[in-house]
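A, B, C, D, E and F are the chain letters, set down in written order, and residue numbers restart from 1 in every chain.
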Amino acid sequence: MTTMLPRPDLESDARVKAVFDDIRATRNTDFINNMWRWLAFDPALLERTWTEVKAVIGKPSSIDPLTKEMIYIAVSVANNCTYCVHSHTAAARAKGLTGEQYGELLAIIGLAGKTNQLATAMQIPVDPAFDASQQG
Amino acid sequence: MTTMLPRPDLESDARVKAVFDDIRATRNTDFINNMWRWLAFDPALLERTWTEVKAVIGKPSSIDPLTKEMIYIAVSVANNCTYCVHSHTAAARAKGLTGEQYGELLAIIGLAGKTNQLATAMQIPVDPAFDASQQG
Amino acid sequence: MTTMLPRPDLESDARVKAVFDDIRATRNTDFINNMWRWLAFDPALLERTWTEVKAVIGKPSSIDPLTKEMIYIAVSVANNCTYCVHSHTAAARAKGLTGEQYGELLAIIGLAGKTNQLATAMQIPVDPAFDASQQG
Amino acid sequence: MTTMLPRPDLESDARVKAVFDDIRATRNTDFINNMWRWLAFDPALLERTWTEVKAVIGKPSSIDPLTKEMIYIAVSVANNCTYCVHSHTAAARAKGLTGEQYGELLAIIGLAGKTNQLATAMQIPVDPAFDASQQG
Amino acid sequence: MTTMLPRPDLESDARVKAVFDDIRATRNTDFINNMWRWLAFDPALLERTWTEVKAVIGKPSSIDPLTKEMIYIAVSVANNCTYCVHSHTAAARAKGLTGEQYGELLAIIGLAGKTNQLATAMQIPVDPAFDASQQG
Amino acid sequence: MTTMLPRPDLESDARVKAVFDDIRATRNTDFINNMWRWLAFDPALLERTWTEVKAVIGKPSSIDPLTKEMIYIAVSVANNCTYCVHSHTAAARAKGLTGEQYGELLAIIGLAGKTNQLATAMQIPVDPAFDASQQG
């Protein structure tokens, strides 16, 4: 089920075609996943989102590609985004996530989910040692 | 503000003292942060939580210590746990998080927050290519 | 999948029938969507919920009907309620939501999702200028 | 910090005074907690909310008063409502919550937070045995 | 859809078999629900999670078994875990949840969802009377 | 409390100064709120975020400025972002939000919070009439 359906002829829009061409070239595949096909109904939103994904995820940087995907999975699980959990778990596997790492990733996400609730339930005061505004 | 206050003499309970001693020995510091002091009112809960933290976060494994903290921050931000965001950002810094990495971590968390909402808003169907149950 | 099934003869209960009759009369349609059919197992809960929906959404007021639906969609996306995202997107379309407005609505929801995470991640202090208790 | 301040003379509004009088009579105390003082700027919203609280929480029913407060705490923790965690933990204590029960409540909330994340992360399919629509 | 599939021969792993045997013995049934079958890919995570579930949910304690399930449902709804809502609603029914109690449980969860949002929207200050650190 | 502090001389960085100058010119005020001062530690993240805010919120479009702020508040409340609730409630007031509209906005957000939980708790199936993929 979905709240909208993409038009069949998405790439008849020149702005959409330009983004899709760039996705294909950047990823070296003909596969355009549904995220981009659904966003295409609003070409400005599509362009901005793809540009940001390329800037944040697509470039060599101080965080390695697999770690980026693990962080993306962690946020998507906590925000409960079904689509994103699926797409980024697939992406992490494509970038080399092993079964052992997947088990550890789940263990960290699960433990964080638990301690998040415990700290919120008791409204534990933040230790002054953790507060940047108290540091010299 | 908090929903409860730890007793002043926490370590008069032998089970609490044993956990605190292990925290001090494991971390090589006298500092016991508030999470453990608040959990101490229920020694069984304290023991189980510390044992799990040691198993998941405290051991050399297939995910490196800094990456573990970045994943923990990501979940804590998405779950909106003030205490945990503070404590794990401090821990990440202690494990070497640079300003450049922090900026990238924020960029990934922010982008994930955005695309999570977009995918949920449109209820985008999961591509069959991402579904493990459709794979050979 | 669902956790419960409505009885086949819901309207044999007089309280349920009265609410359903009012829904049909208010909306000028015979269609009773599943929200009301599922709530009907507890007539008091059904009555309270429908009365509140009529008071909050169903009356002319200082916020126009389409804006109300956009706000409802925004909350439902952030809370990740699949049923509510579907039902209120359909309602917004019935009240005239255009494709252009839908694109903008998604852009705002997505941007808010991103800046919400950024502000939480850095635990940005609220500017005194925004705090009502500091104002003259 | 707050986004608004109640007027000093809240009870000069007859509808507000009537609700506050009913709160005092129902609870047998002069203390009106901030939730009601803040809602008073919109008397219709105040009336509807108090009426619902009385119907759901304030009447003898098939769930005992302390259990109701534990459920309220559980939702408030998962939704991360600071005000509500504080007010309902205080209410649970007033209704007899023991330290032992508080520890167990936290343990359940924490465990649920963890298994919620694990099930979402793996997108575990619901067992047909749990689906009401599959049952005879 | 799921992000992973359990291997067909899960119990060929001795650690998995030991946990599954204990689940069958503890629950007095041959039925192993999907949560455990999915976790089995990481035997350490499976063992830790089952041990915690037994300690928190499976033992006689100061909170009765049905109340534990109602609290578990409440957290799972607020965290939006489809799998967990289904499995714990089924468990609550197996432990005697009546239709009347289910209606009340929903009413409390719904009301808490509403007042959580109201308190957060107005950023209502916590009454000093609720703050443990202000108490004598 | 905060996880980081902005450097005192933020505008000595030319990219930061250019964004801050544009914020001042666009908003016709010298006031730079903390969101921008905190993001400034990573000039690329600052630039991307401000550019997106200008494109989504700052331009005349098919959704009027006050409605945009109400949608922003709705998402921020549901995501529980203290900073964002404060800053966008202040922005909505600056754009003319009346007390009557604020009361209605809260009523919609609260009602949505409630029905979101009810629909999730019962896992209500989406009516085929709401599903775009079923439409002709």
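Simple rule for what comes next: a contact is a pair of C-beta atoms (placed from the backbone, for glycine too) under 8 Å apart; a residue touches a chain by one contact, two chains touch by 3 or more.
The UniProt protein names, listed by chain, are A, B, C, D, E, F = Carboxymuconolactone decarboxylase family protein.
On a predicted model such as this, the values are computed, not experimentally measured, just so you know.
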Longest centre-to-centre distance from subunit F, chain (CA-based): E
Pair from C-D, D-E or A-D with over half of its contact pairs in common with B-C: A-D
Between subunit F and subunit E, distance of the C-alpha-averaged centres to the nearest whole Å: 33
Interchain centroid distance [CA atoms averaged], subunit A/subunit E, Å: 27
Gap in Å, rounded to a whole number, between the CA centres of subunit B and subunit A: 19
Shared-contact residues (touching 2 or more other chains) in subunit B: 1-4, 44, 48-49, 52, 55, 75, 77-82, 85-86, 89-90, 100, 105-107, 109-118, 120-123, 125-126, 130-131, 133
Contact graph of the chains (line, ring, star, complete, other): complete
Interface residues, subunit A side, partner subunit F - complex: 1-5, 44, 48, 52, 55, 126, 130-135
Residues of subunit B that touch subunit F when the two form their complex: 80, 82, 85-86, 89-90, 99-100, 102-103, 106-107, 110, 113, 117, 125
Residues on subunit D engaged by subunit A in the complex (per definition of touch): 73, 77-78, 80, 82, 85-86, 105-106, 109-118, 120-123
Touching residues on subunit C, where the partner in the complex is subunit F: 1-4, 31, 33-35, 38-39, 49, 52-53, 55-57, 61-63, 67-68, 70-72, 74-84, 86-87, 89-90, 98, 100-101, 104-105, 107-109, 111-127, 129-131
Complex contacts: residues of subunit F adjacent to subunit B: 1, 3-4, 41-42, 44-45, 48-49, 75, 79-81, 133
